[in-house]
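Written below as structure tokens is the structure these notes are about.
The chains carry the letters A, B, C and D, assigned in the order they are written, with residues numbered from 1 in each.
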């Protein structure tokens, strides 16, 4: 079993509450109030900035050239693809780049990224990646779920772009590469086979659980603009 | 006066010893023993790996999106342009990628990058950039000097590529951007105008001087394969 | 004017909302519900652990032996005096060390310390100290205010110990030393005289304002057990 | 087998070269030139400063209160016992505190501590402790060896104090506590039992080997004032 699957299984309640959150269901059927989406979108821009910093930290923490390059590619993707795309997307929702850039960071947003940065800085590359995957791989899983669910409405759904972005080939491939890196780094750090037998297991689970809970907090923030 | 010029002026002896080092002069007239160049080249590959980590640290430390992006572009340049170019170059000098990757890091090399990383981590973005510029801008200055010096021999010089790389447009422009970033970040961190009047000046000078001395140590290492 | 006074003046609304918070007023007159105080106390224990980590970061970031020693003394005070005192205090309020240690960290708590740690890690020692002072010096100011206010009731007040701790000589002296260190480090980092003329001023103010807001969030958390 | 013993066995050549270095043997029989000892002593003071920063980093990186306190005690020991003792000792060898504090950091010295700091920052607490033990436990082992060796001359040996410091009860106990912490943290990080079966083993060995080599470099520096 991949480390990601084992972590999800160990935190199944939190994981379900995250990937199946009311915010996600309302995106899927198009019923999410626009004010909620706009609030979420602007905060997500601020989130991306700090998430890029966390990806850069993964470059600093890499022990070999391959990991260095994979994390550098993530920094590049976040800053040079995701961030401009976000601004473009915001523009379609009536928010100028200046407005978005001036968004005050919400507490739930700041809490999440600063947790990830501290966990990553105080731990090793594996601790950092485990704190990052609920975001990168969770969004990919949400994308796949929504694309496959009969209850998802694409036709006339104002959030269709969002669904197609995260269920799309590019994001899915990026996320799969991230999952592969997680398992590779876990092996390098002595975590493989029967994960739960490792003295480090409880710390990894606690980390994944906390990051997942902070994702839930991010959706909650979205619902309360 | 730019901060870079002020720092060079404050450390003029060390700076001259660096940019005018015997290693550089022997590159310029083609008299450098091949064994020295090969040793330097392989160590420089290892250096680039850790220098990329320092550039990634600058992404983590950035206070605004512009600096985030500039440092991310530097990471990308180092890892995706400079590093492969280095391996290609090494290949022409008879070293396979495997041989280069297996190079044990020399003390002078490790000392330099670990100093930069610690100075950058313990200080702020300006401290980090000041520790980085003797490399980025020093090489650009060396490139310009060699291109302009009558004593430089290009014809039949086995190190012509090296001279042309660092005197070339791309490297010169990258280095100029770096200089501009240094001044901009200095301003954001309260360092502008009469630099030497700042309570922080001695610390900045000491940092620049140390990094310059470690560049000299790197040339010395090159001369002693 | 000291840097601390200048920062308070620049954030006077947030500062008043913090040092004059309902939680503080209810401590002063003894009307705070016990459940609120217990909740606050257990969270404050968890806070101290992470605050000690931030003080240790200040040791790592120090540029001279004096700062190294001052921050090391703060680590020692927090871990070897404040933390046991907290556990003792908790015991008097019916919470065993085991119960306190098992307290799940509240979001408002985690947000505060992780913000401080990231600000300190990404910036320099001055950024770190500025993020720390709303706690160290704010509590000292609250202690002094409560000790001097006619509305404060000591007799029969269940929170008398708390008031006496923070208005007491030892805490006041520690906090004064911290203020002196702040000004000294500011000078070393080029911040003195007309603070607001520095290009760094807005960043320092934003940092102080955020930390002060997170203190308010901590009181809010206390009121909502 | 303790992790420390396993690491020493994996690096036995380097370990012997370190604990049995000419500098150590000349300390033992009193034949070390005074100029070498003075040079070593002043550099060791500078070393202690940066080593304290590394111990403070271990406080920042601790995952539980026990490790937090143990590392804080090490910071305290280094800054408040070892450092003043060093200055006192230097005074007996004719160097004033001002002279010692003004010692320019030698390359071999800077290389060692910056390596430890970067390894600790980029890795986790275990990586940091593994980089620290060649110093803390190596000096204890040297102390024990010298105290037990028939070739050691105490009578009339100008370095008798040094030998007695490191073979003494206090240092031996501190070092034993450090060894116990290493094994405990290794367990928490999933490293126990058959160490060499872990995917992380080669990284731990490389780290220990490098730190040991840098200790040898420190002795070499001592022999070449």
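We take it that contacts are C-beta pairs under 8 Å (C-beta built on N, C-alpha and C of every residue); 3 or more make two chains touch, one makes a residue touch a chain.
Predicted, not measured: the structure shown is a model, and the values here were computed from it.
With contact taken as defined at the outset, subunit A and subunit B are each touched by C, D. Just to note, of B-D and C-D, the chains joined by more C-beta pairs in contact are C-D. Chain centres computed from CA atoms place B at the largest separation from subunit C. With each centre defined as the average position of its C-alpha atoms, the distance from subunit A to subunit D rounds to 42 Å. As a whole-number value, the distance joining the C-alpha centres of subunit B and subunit D reads 32 Å. The centroid of the Cα atoms in subunit C and the matching centroid in subunit D are 35 Å apart.
Those residues of subunit B in touch with two or more other chains are numbered 53, 60, 117, 121-122.
Note for the complex: subunit B touches subunit A at residues 49, 52-53, 56-57, 59-60, 62, 65, 68-69, 71-72, 75-76, 79-80, 83, 101, 117. Interface residues of subunit A facing subunit D in the complex, by the touch rule stated above, are 60-61, 63, 121-124, 127, 187-192, 198-201, 203. Chain contact summary for the complex, subunit C toward subunit A: residues 53, 107-108, 110-111, 114-115, 117-118, 121-122, 217.
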